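Some structures to go through are shown next.
Shared chain: subunit A. Partners: subunit B in the first complex, subunit C in the second.
Then we have the complex of A and B:
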């Protein structure tokens, strides 16, 4: 677990990944964290798969296919909350580092 | 204001047939200066209707019907296609594209990607495969994330999620089939000075269930303005063989049987089409929900799924952009 995650900057990492890999944007992620990624057409189904793989690798959590749903993945805010829930459940020590 | 009911999309099949026939004649003969039509026939309802319309427009001797199976095709498809051609007095041509696809390494490229998900997968030992979407669109808001299903020789089925790389490679390899078929159709069209008539319906064209420069590579689209349920209505008027009318719509692309609902649409057409019509005509969700006997949240999910597919597949319908030829950057 790196400091990026521990310090609560999950949202920044997600914004950076989406901007670079799904929007192909050099201007960053120009939306608020609660905007619907699906409704605003920011990601498509392939983007969801890439995002799920990124979350698993970057934050060290196991993402089940049944968890790849709009209530977990449809905004930066929802996804960051999902990652924090997974981290606290899977690795309790990561949520409260010494 | 249109009042919604489940039969709101019913068409006058006779008048619609006349309209399409005139459209084909005007564009193919007058605009494209082509004498007749080439239609790829699969044994499915869409190509059956397009063949019937083409024969009405140009006469049987000016229509070439081409069957293009590969080694994954269901043998029933060819039998149905032959019955169809016989119904309309057209001599069908058989062009097996398996050797061409082997030349493109289509099967190895696709199966290598499947093996990264299912290491035991071996087509030579009788394993079959297909890719599918979640089938609970009405019940839950889900993303259109594909999984691969493998059927073992003993009939056991197992489904696992696909990674992005595997999804892209399986799709790219499979699309070689539709693009090979497009090349074969254009060979026959150019050799006869005919036009290639597209067989995509509205569900396929507008939601992106086609291959760019594959089955989307045609000279004119005959039924791309019609919902699938409207294509069935036309098929009855045109007297398409009942065996084709009753066949479950299939992709006939993957080695394991795979219908279009599990591969792409996620709903029966009888549910999808009226809701889509309602969305296009801005009929309020509560009225649609009442008419369909569904909760409003389910109708909204269908609205959202349609909008999402239309938006994310816009690239498929996009012609190559060209800079303004009147304003080149002269030295």
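Then we have the complex of A and C:
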């Protein structure tokens, strides 16, 4: 089993990436894991792209375009759950074609 | 075109010093290198640095009226001066020169401050009344030409075309106003009348100032206005008629702006606006037109194919500079020196390079397309607001949000393809359609993300800034059409306080180049503002009126092209191999501690992100331009300010001394 699937590691990596590259925060990621990244303007449109690229690279999962949507990306908790589902081979929530 | 400066000790105690004025003028030398003039009258002094364009031999400043009781120094152009002069001559006025400057003075003598409403032009004026011991300053409607002032604790008023001229006086101390910096990061421009420096203010566009021993009064003489929605709208007219009238006004606006005793060129951006102007200039003159444009080595920004197409269509002699990342990084300190204000983008830098090219080719005056996007509704932000209003009527109809994709094809490829994500980005405050800043709320709230780098107690809320701004809007603003409201915010903030200044006057004047803007002729702007919004923006088709009017003048490639905003690369200009040393120095901990405006760790993280070539978003780019330019403002004007040596005795300086009963010309 990949070490990232151990509880908390994925969340910590996501928090670290966002704090350093998107939030430029001195105190790490200062929000709870369920805060909305979009509503709180923690990330912008390109931030989502950066986040998707990071998730793909760091956790070795393939992120489909249709999966980049708020249900999967809008909080640390949702994103971590998304990564776990991908790693365990469960089909995550995909958008219905718009 | 020129630079002007002056001092006035309102307490009457201190004499104006010639040496002081020579220092102030030395800081404006780039604006008017041809000749200098000084008036000294006890407690008051005026100065002029002149770029000779009209009546080159006879137009030396300062200029007096017939009985030498009024004296003027003047920066800019009055395009209808011939008509005004004829009118004044019929009333008995006699003129000594062929200048527009003298016409302004006589008009002031007759009408006082009301003279400003008669002027069709771009100007900053200073008039000294020797009898009333009163100083009058005036500025054009939209702020094409700059004018700043400050007052010392000892009641000495100092004014000048540029702040650096004020700072050459030892009594004026440069101190950066961190609250203004915060607002620049939010709105992309300082809020009128503030500047980046505490205690130094502008005379706002459309205002005049009178100062005497009793006090300083600032009053508005013109305001950008729109009709109230539905209230007494003019009868609907045939579109063709409106197009005809618009075409006639634009043609006349160009004709007046070709008045000069030197050759006039035109900028070509490759877009519709400057192409229309160049075509009009070409049609109104038999001689060959010279056009000038910027191309970019970075093809994401380059428009040179369109520029070449237009130049060959008109048969112009076309000149082009090619701006590279290295060029932009190299000239940025000079750009900030001229602009004197933090900027959230680098787009002024290529304009700085362009004005040098124009001067090197022997030109002093260029016509450009500035203003069409604001008054004829060319910007995407107008469409964005329209889509959000449409969508707000059915917030669950996400399909409506996907219309935004058409506006922002460039924003992150993945994110923009999902209606839910678009909804998340653009949906905040969706239902606040009555808010005065509805059109700009998404942009401004996004800009506030750059506050992460500012020192101060956490990210303060944006709302108080929005409310402060709304308090200064025209009283019936809320009754205008939604498009009119959005246009006004764009005109009042971004056009007047960024485009015409940092990207306009200062970049041109850095190389003594005067820009003239037919779309900003007040007869034309007032005409456009009266029109039904649908004549400007129909559905999501921008600048409908201009497209119809300019159709016969333009090749198909230009008429049918997709509009692209003029922008310049940011992070690649400062982070590349061989990037200039100042970038890392000014973004480093020592310089950041010096200015005390930014938080060290976040800036270090931004620098690290850019250094490793990670993908960089718009907000990051904005933050970088903002932080670096603010640091440059601090370094150039606070920490390391270097006044130029005063004008030398051997230079062409006309000095007029009153009270000593003679005036002396030197040499």
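We take it that the second predicted complex is superposed on the first by the 81 of 98 C-alpha atoms of A that agree within 3 Å, B and C clash if a C-alpha of one lies under 4 Å from a C-alpha of the other, contacts with A are read in each partner's own complex, and residues count from 1 in each chain.
One rule holds in what follows: contacts are C-beta pairs under 8 Å (C-beta built on N, C-alpha and C of every residue); 3 or more make two chains touch, one makes a residue touch a chain.
The shown structure was predicted, so the numbers you read here are calculated from the model rather than taken from an experiment.
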{"item": "Room on subunit A for both subunit B and subunit C (clash or fit)", "value": "clash"}
{"item": "Subunit B versus subunit C as contact partner of A:46, first or second or both or neither", "value": "both"}
{"item": "Which of subunit B and subunit C A:38 touches, first, second, both or neither", "value": "both"}
{"item": "Chain touching more of subunit A, residue-wise (subunit B, subunit C)", "value": "C"}
{"item": "Which superposed partner A:24 touches (first subunit B, second subunit C, both, neither)", "value": "second"}
{"item": "Contacts of A:70 with subunit B and subunit C, given as first, second, both or neither", "value": "both"}
{"item": "Candidates 237-245, 453-461 or 651-659 of subunit C: the single one with C-alpha clashes against subunit B", "value": "237-245"}
{"item": "Common interface positions of subunit A, toward subunit B and toward subunit C", "value": "38-39, 41, 44-46, 48-50, 53, 65, 68-71"}
{"item": "Subunit A-touching residues of subunit C, taken from the complex the two chains share", "value": "398-399, 402, 408, 411-421, 424-425, 428, 445-446, 448-449, 452-453, 599, 601-603, 605-606, 609, 614-619"}
{"item": "Residue numbers on subunit A that touch subunit B, as the complex places them", "value": "38-39, 41, 44-46, 48-50, 53, 65, 68-71, 73"}
{"item": "Contacting residues of subunit A [partner subunit C, same complex]", "value": "20-21, 23-26, 38-39, 41, 44-50, 52-53, 65-66, 68-71, 74, 95, 98"}
{"item": "Residue ranges of subunit B touching subunit A (in the complex, touch as defined)", "value": "140-147, 161-164, 167-168, 304, 308, 311-312"}
